[in-house]
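Paired with chain B in one complex and with chain C in the other, chain A is shared by the two complexes that follow.
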Partner chain A sequence: MTIDTSKTIAAAGSGKATASCWSCGEMRAAHFCHACGKVQPPSPVDYFSFFGMPRRLNVDVASLEREFYELSRKLHPDLSARADKREQEWSLEQSSLLNDAYRTLKDPIKRTQYLLRLEGVELEEQSKTATEKARASGEVKKQIVPPDLLEEVFELNMQLEELRMNQKMGEDDPTLVKDLEGHRSRLEKKYEELAEELKSHWNQWDKALDRHSNEEQRAALDHMVDLLNRRSYIRNLVQDVNEALGN
Partner chain B sequence: MNSERIVGIDLGTTNSLVAFMQGDRPVVIPGEDGLNLVPSVVALDDKDQIIVGNAARKYLIETPERAVYSIKRLMGRGIEDIRQELKLFPFRLADDLQPGEVLRIRLGEKTFTPPEISAFVLRQLKRNAERFFNAPVTKAVITVPAYFNDAQRQATKDAGRIAGLEVLRLVNEPTAASLAYGLDKKQNGIVAVYDLGGGTFDVSILKLHDGIFEVVATNGDTHLGGDDIDNLLITIALDDIRGDMGLDVSRNGEAVATIRKAVIEAKIALSLQPATTLEVELPGGKRYLREITRQQFEQLIQPIVDRTASPCKQALKDAGLKPEQIDEVVLVGGSTRIPKVRALVEELFRRTPHTDLNPDEVVALGAAVQANILAGGSEATENMLLLDVTPLSLGIEVAGGVTDKIILRNSTIPASATQHYTTQVDGQANVAIHVLQGERELAKDCRSLARFDLKGIPPMPAGIPRVEVKFLIDANGILHVSAREQRSGTEAEIEVQPSYGLTDEQVESMILDSFDSAEEDFRQRQVIEARNEAGTILAALEKGKKSPAWGQLTSAEKKRIAKLENALNQVKGEDDFQAIRTAIDALNQGTMRLAELMMDSAVSTALKGKTMDQADMGEGPHAPHPVSKAEFE
Partner chain C sequence: MAYSDKVLDHYSNPRNVGSMDKNSNEVGTGLVGAPECGDVMKLQIKVNPQTNIIEDAKFKTFGCGSAIASSSLATEWVKGKTVDEALQIKNTEIVKELALPPVKIHCSVLAEDAIRAAIHDWKAKQGAAKPVAAEAK
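So, the complex of A and B:
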């Protein structure tokens, strides 16, 4: 690991991004010059803008992949191994930005979370890290139980408690294990279904974007926040069941 | 010809190689002994000179306290995580080692860090390449196990620098192998690379797409390889010897080294034949004999071979692929010659693996391909681009001793993550950050990379400063950290305490051949080598003149030889190694017929009598051993 204090973060080109290539003077594309191919100083942009995409959630992943490969062929540090230090630095920053952006946008959940963050929504409370932090410190984390899960969760928690008691006493209850496995597969199914539901919210968001309707955008964001919270809630429950069952 | 000569190096646990791209093909550069493999063995001779490779192997047995092998196992590791290694390997640590210090290994009276020992191997490879090119070599691509962590990678890079090599890229071994294969095949699809070497295991799954080699998942174990099989067999042999004859030789370095050599030979033999005999000469003239069948061997090594299965399954899972979706499987590493290993690979991936390229050489060949790409490419490597991943998640310790993962494993590199920090109390000027690598939830279970302090935060009320820290993993898989306080715009100063590894100053002081004198050193070495060679050929000529073959030459031939001999004698005292080499080559040409005549007469003499070593060879077949118990004479 190396530490570098001499450079500021992604600031090399910020504010002073010019429209012409630093090397040949031609008008350039954002990341590399179309005339001479030289990597350009990075400018701080969000992941959607990096790919020149609008902030729509329905993304053609196949064409995103093609674009990713094309840009990799221009920006990867392997291509500037013989260039001077400054160009190497730019290439490193540009290609890490490219990789971060691609990784985020190609994944439906990561893409949704990223858009929410861009739109100023924080998801910290239900996030995996927050949950694990709470687990490790033994705090009881306040979680909002999704209404449609209330009954299921109530029953599940009782059975988990019973199982833990049994395990403490060294007893074995195959029916209980079976019940818990039943809960788990129902939860997993619900988890899968959320993916479909998410798509309807994407459509809502994309439409609102086309219509420039702030109100509709806000509504779509709220739905997505709610869905992601339910999703992480279910994931945590499944994890609890897995832990209790020892797998 | 490419002006920038960048070589590809496979710095292996057991063997190392150097290769380069000759035209459109990567080729391995042999050493002076004509062999491609340079054993990763370093020894100190009785004059405290460093000996490397095949020449160093005899020291392992003769003066084991002055020799070391498998040093790769200690790269980038601290004293507390090598206890297991110390039980199995004869590493002699320095006595005055402090906790937290970089390990030092004793060789005779001297001590060296693992990067220095690796640097001796690298310097040997560098010299082999320089000899081959007749020109200095200062740039290299070096391969590392895909599952190497940051500290292990940094240690490898340090070793390169100490050896006088600028390491342009660290490439993951399985990925390098796929480049070597991909060069030939040029096809699209999903490829799995199974790499079981001397000391490390890696599995990588790649997506090949019009010249782009995109790694989608990698997994492995940096302490699993052929070494473990050797150690298992050694332990069994030692137990046998102790149990059956009450002789404990486990502390006798020479005896253990002899046993090690024998078990390695047996292991290799069992890949080709159904049974072999382990035979060891013990101190006191006793002899340990044991027949091992392949079946027994396979039973013994099953647990070791099985340990490779779960990384393979995890990699498939991470890639989101089923075994049926894998188009090709490639085998890398000497240990994949073991039939049992091949059987497991077929079972895991439901494919017959590719073995067209020599598993010992394929990684070095791939490194040469990558070196060619970095040098600007050629027709053969046009459009080839490697997109690799980080094998381990990068995390930060947060409240409660929990790891907050900020860059997940299998992220394409370069990759970055930005974190924001603030202060807990008014006027706080420092923030401590603990960087971790690994998959476990708790910080204490992950690998500590470094602790560092953000310093010089301007005095502000608690919670107001906003320090942005950027973590960036470069294309070598090495982490870079930079920080900035955003409210004031000042750069935060970072003070680092790397958990393992050498400081820049330490590396600087260890550099073997400084860059400035590289050219000069190279010339001197070339002159010395050329003079030695001149001496050898002139001595051989003297011998030839006394042989009956000399009489069969015509007087014109003799005259010509005398002239060439004269020419060589004249230049050999000078400092122009090129001139010496030219004269050597000329004399070599001129004495071709003499050499042939001498060879003919030598062969006819040999056929008349018995060769020298025949008397020493073999004692007839050994009696088969029903229960394969040890036998002593």
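So, the complex of A and C:
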């Protein structure tokens, strides 16, 4: 699944929202005017900016949650029931933006994927682009996933196929089942290790932001893409093994 | 999503499923994957070292119908071609032949990758034994 962020992303790049309150003309905050407290029309910002956060990947989820509940309360459409129609609509739009932003940013993987898209990385396009490059240069495309993982995926799929065949024929192969269970626990461990590894890439990204180093940012993004690719393979494998083993 | 008739045909009746001895000098093996969907595809070619013609091709793909159809078609197409001719096969031709929808284009990309990887592997093997014949222009 991909998150449809195209709208907000496109909008975020297209210039600044009005900086003054529509009602009283004072400088406004993202959601409400500081001076008169009126709800503001949703401004085309990305989710990080929506919460007034920098694009850092280490996020204090507890404080994000507090902010979310506070804003939810303030933006609740019921509160503006007596306001004019325009304000009611803004409240509603801001609320739905708030929900999307919170759901995306609180989840470590979704947050990472979202940042990658904000930074112009198209996960779905990477393979095609690399193939076109390889075709043009005549070089062999570097596989996005390391060869030993591919090998493992392939071998495990072969075993899964054998298991399914056995089950179809009503045959039992305890050695095969045991083998697969072994693979599964190894993969699950690997999957957990990836979460730790992801954090190290977050740190690299955040540091690169502080240092304003484009090069380091690029490197961190590449690492995250690589990790998410491996992760989806492993997740699929674990799912398939679970399904085949019937638990 | 509906599959085209050609995809269904390759899917329910895949050509050239199987494997060859990957240690043989005449065999090139390409193992590639698409992380978007977790597919993995192995394509092998057997090349006549005198003529550089691909005499046989086998594949084994774990993935969706489109991935299976793309690799099945790829084995059909490379057979009888020289390795250099096979390198000209583009994923867009597979898309066209199978009428793949945009969301399945990566399956055709995978098939092109597999062909190239198999040829690369074969060339590398020839490189050790016979560098001149193996060198592509």
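To be clear about the criterion, the second predicted complex is superposed on the first by the 199 of 247 C-alpha atoms of A that agree within 3 Å, B and C clash if a C-alpha of one lies under 4 Å from a C-alpha of the other, contacts with A are read in each partner's own complex, and residues count from 1 in each chain.
As a convention for this text, a contact is a pair of C-beta atoms (placed from the backbone, for glycine too) under 8 Å apart; a residue touches a chain by one contact, two chains touch by 3 or more.
On a predicted model such as this, the values are computed, not experimentally measured, just so you know.
Q: A:232 contacts which: chain B (first), chain C (second), both, neither?
A: So A:232 only meets chain C here.
Q: Touching A:72, do we find chain B (first), chain C (second), both, or neither?
A: In the superposition, A:72 contacts chain B only.
Q: According to the stated criteria, A:145 is in contact with first (chain B), second (chain C), both, or neither; which is it?
A: It touches chain C, and chain B stays clear.
Q: Tell me which partner A:154 touches in the superposition: chain B (first), chain C (second), both or neither.
A: second
Q: Touching A:166 in the superposition: chain B (first), chain C (second), both, neither?
A: Neither: A:166 stays clear of chain B and chain C.
Q: Using the touch definition up top, name the residues of chain A that touch chain C in the complex.
A: Checking each residue of chain A against chain C gives 123-124, 127-128, 131, 134-135, 138, 140-141, 143-145, 147, 150-151, 153-154, 157-158, 161, 228-230, 232-233, 235-237.
Q: For the complex, which residues does chain B have touching chain A?
A: Where chain B meets chain A, its residues are 4, 150-151, 154, 168-169, 209-210, 212, 370, 373-376, 383, 385-387, 398-402, 404-405, 411-418, 435, 441-442, 449-450, 452, 468, 470, 472-475, 478-484, 491-494, 496, 498, 501.
Q: Quick one: in the complex, what on chain A touches chain B?
A: Checking each residue of chain A against chain B gives 1-5, 7-11, 69, 72-73, 76-79, 81-82, 92-93, 95-97, 99-100, 102-103, 129, 132-133, 136-137.
Q: Which part of chain C faces chain A closely enough to touch in the complex?
A: Residues 31-38, 40, 42, 60, 62, 90-91, 105-106, 109-110, 112-113, 116-117, 120, 136.
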